[in-house]
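Have a look at the structure below before the remarks.
The chains carry the letters A, B, C and D, assigned in the order they are written, with residues numbered from 1 in each.
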Amino acid sequence: MTTTAPAEAGPTGYSLPLSPTGASAMLTPPPWHFSGDVIMVDYRVDPEAAARFLPPGLSLGADPGAAAAVFAEWQWCSESGEELDDPQRSQFTEFLILLACEYEGVPMARCPYAWVDSPVPMMRGWVQGMPKQFGSVHQTRPKSVGLAGPKPNAPGRHAGTLSVHGRRVAEMAVRAERRIEQPPLLHTVPLVHTRVFPTWTSSAPPVAELVSSEVTGVEFGEIWAGGAELRFPSPLDDDFAGLAPVEIGQGYVFAYAETLCGGRLLQA
Amino acid sequence: MTTTAPAEAGPTGYSLPLSPTGASAMLTPPPWHFSGDVIMVDYRVDPEAAARFLPPGLSLGADPGAAAAVFAEWQWCSESGEELDDPQRSQFTEFLILLACEYEGVPMARCPYAWVDSPVPMMRGWVQGMPKQFGSVHQTRPKSVGLAGPKPNAPGRHAGTLSVHGRRVAEMAVRAERRIEQPPLLHTVPLVHTRVFPTWTSSAPPVAELVSSEVTGVEFGEIWAGGAELRFPSPLDDDFAGLAPVEIGQGYVFAYAETLCGGRLLQA
Amino acid sequence: MTTTAPAEAGPTGYSLPLSPTGASAMLTPPPWHFSGDVIMVDYRVDPEAAARFLPPGLSLGADPGAAAAVFAEWQWCSESGEELDDPQRSQFTEFLILLACEYEGVPMARCPYAWVDSPVPMMRGWVQGMPKQFGSVHQTRPKSVGLAGPKPNAPGRHAGTLSVHGRRVAEMAVRAERRIEQPPLLHTVPLVHTRVFPTWTSSAPPVAELVSSEVTGVEFGEIWAGGAELRFPSPLDDDFAGLAPVEIGQGYVFAYAETLCGGRLLQA
Amino acid sequence: MTTTAPAEAGPTGYSLPLSPTGASAMLTPPPWHFSGDVIMVDYRVDPEAAARFLPPGLSLGADPGAAAAVFAEWQWCSESGEELDDPQRSQFTEFLILLACEYEGVPMARCPYAWVDSPVPMMRGWVQGMPKQFGSVHQTRPKSVGLAGPKPNAPGRHAGTLSVHGRRVAEMAVRAERRIEQPPLLHTVPLVHTRVFPTWTSSAPPVAELVSSEVTGVEFGEIWAGGAELRFPSPLDDDFAGLAPVEIGQGYVFAYAETLCGGRLLQA
């Protein structure tokens, strides 16, 4: 993969800012390694509302209206691993919504909304076609000793909150009650995104490509499941409000890791 | 200008996130109106270092090594003006570096580095080709009464600071001493950027287009000039360090406004 | 005034942290100079609710239920003025509520709630007896050029927002319509606070002193008045909810400065 | 323990803000439960510099110049545990320095400097006499799966960083190499603080009391030890600079919990 721009003489880099050696680029090229802790709730939305979020080429698939809400606290690094020595740069939290869908008969997940609390992951989201915006995202951390929090890999209550522009947009709670073997379906299928680079000059139509993410090194820790709560107290706009829960399913707590290697073009 | 993506049926919007009506897009389409307060210092860099930041098509021009460092505190709104009712969304601060350059004989300014403290302006930067990253940017605010700060449009000392990842990257101070009529040159010429959308799928080379920004409604308030200080205490990397001041010129304090309408493609 | 602690040999300082020379103290001793821009709305609360916020010694006075909500964007410095060279340290925003009251026949204002976005002003609040907590506080900045905001000292719309723990707690808008001469009453009377230092050892009852603030150097800029909006969308608790507006009065926009010199003990 | 102020009729609460029912107080009364993850380095300072940070009543003790630097990521809750459902409120990070000392022959630890990233823990610090200021504090999180971080309770590298006002004040790294049984000494002795409530009215001298913290429910997880790095790149002032490492000892990584119940008055 050619990962630098521009290719000729002149400043270079995987992304802006371009610089003489490429060292100043805000983004390192993939692969990117992620290790995280996830709190997730299965829920159902109005299938017609979900369908309005799917671009041509995607359909609702076998279970119309299946959705999930996901909080994750990530640590990441590039191939070199050097970001890990500066924890401020290698940590972020994320909240996202997933809609079940299908592309050419293959079950996939569509992410209509996502928020992170760190600029590099936000920008990397746009490179992938993942619509990451900036938010204040917090979730319970399992603690191995003491009274202030649930233990890792044990029964206990885990909460997550998202605020955007000073308003509480999402709240979740999961009661880890029992260990299960099967990961939640929407966390196992490929993500399918639309890479969009907005138009700027009148001559250039916007880039808009349907792509699926390519990951390796997927690992799940123990998966705990149980009852769940999910609320969207202050919807951002009417489109977002259309994805409000009409039914709330099971909740999950698990550790998860993957390496994101790039994307596969489905259609341009 | 076609500003929505994708054009067919399906979710739409000027940018991600796409949604049924387009209402969820993080970015509104241009034009964008900006009203700001600027603290700026002319300085000189090693001309060879500056040249290494210029892509093919640009040359150093008549004054090789001329540069400027700019702090600005902005308020912005879209055509509708609705962002102004939520000040948290309509305000941001910015620090940027400008290098004098020339395109086909026309003097322009190249911005090798920029930082803002708000995600929407950061992302809008990338749409324009302006390499905005996230930083902690602060500058003195003129105050019309009392002892805690300089008065607007009067002699006084104005300071600016940039920190990135918890390190102090730039510090500036300008002593407004006298009113002048002529705006500082590098704040009057067009900006020339490289729009970069990094590669993601092996089949797609990165987007990389040389564009100049198109602005209207330029307004300057009173321009005050005087002695200046400029330091880069913790350089981010060796490329950035190459743009350290070898000579510090005059400083300026002024209010400035413009409307950013889009870009003109110079070469793709 | 003896301003250092402890008095004997040993580390010293106006506040924690104590250090060999006192240089590390988080707070400088008063006087503190403040220059600010204020957006303020007169409103009325249920007088019985207001009375429940008044400690013994204070009564509702001549206009029971008179209240005000105030947004202010401050720059501050100590006697040395050195904080002004580090704008990050010398700027903060504030939202507070004021209740009309009376002490021994003298009209005063009681501040039941206040929020700032910076730790030094928060801690200084507790030294004064002002109940400052941490919040996300934003208000419109007048801009002298361009389309993105009202002009200073001119008709225009000014907004303010407060979020606490990711929830929108207060929203205000004032339409500056006409210049007036008389400052709003509740911004001219002394503030009366209860200095509280919570108990920690069983032998020590909490400090709780009724004090009024002593200010000099009061300056008002032009005062503009007009119609106003005020909402408390997400009350923090039932006590706070008791101070919701039952009637909304006039709004004001003005610059304001003062020097805070210390407090006068009314009763211990 | 009497924990509310004032005792008579009128608004009440453990701390400001006082309100009709006490529900608005920023601080809940102790006990406070803490569960945390700690990265710690033993080091040595100039004993004369350390002595200058000790108030009358404390001496350097058996090992003059023994010190430690501690990063901790905490989750906390009050007796009710209700804060845990809002992770934004129940999490904070902390960096602190400890100096070995002795009070009446009993080994204790003195904390000359501490920083946290959350206002409630900062204010609670001042109630205890712990000189907590606001900083940007980050440390490596152990992750049970994947490549982005060390595993919990296993060999690996852990880092911590502190920035204050946009400058990097402390950096630490610990290589967990082997499990040990004995906790690091300075994390096992009582903390001895000076409770300071600055003076405000001319009639009131500042409160200044020597107190030791009373904790129960101490729990250590597995303790891993190994080589360590510690740097203070941008000292805040000359007093702080006096505590720079003259020798760096062993590093530790462990989980830790305690319940903080109040303080014991040593001398007023």
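To be clear about the criterion, contacts are C-beta pairs under 8 Å (C-beta built on N, C-alpha and C of every residue); 3 or more make two chains touch, one makes a residue touch a chain.
Keep in mind that this is a model prediction, so the values were computed, not measured.
Of all chains, B has its CA centroid at the greatest distance from the CA centroid of chain D.
Repeated interface: B-C and one of B-D, A-D or A-B share more than half of their contact pairs by residue number, and that pair is A-D. Chain C and chain D have Cα centroids separated by 30 Å.
Taking each chain's centre as the mean of its C-alpha atoms, chain A lies 35 Å from chain D. Chain A and chain C have CA centres that are 41 Å apart.
Residue numbers of chain A whose C-beta contacts span two or more other chains: 86, 88, 136, 161, 163, 166.
Residues 136, 161-163, 165-168, 234 of chain D touch chain B in their complex. Chain D makes touch with chain A in their complex at residues 33-37, 73-77, 81, 84-88, 90-91, 136, 138-141, 143-149, 152, 157, 159-161, 163, 173, 217, 219-221, 255-259. Listed in rising order, the residues of chain D touching chain C in the complex are 1-11, 13-21, 23-24, 26-27, 29, 49, 52-56, 86, 88-89, 112-114, 119, 122-123, 125-134, 165-166, 194-209, 211, 236-240, 242, 262-265.
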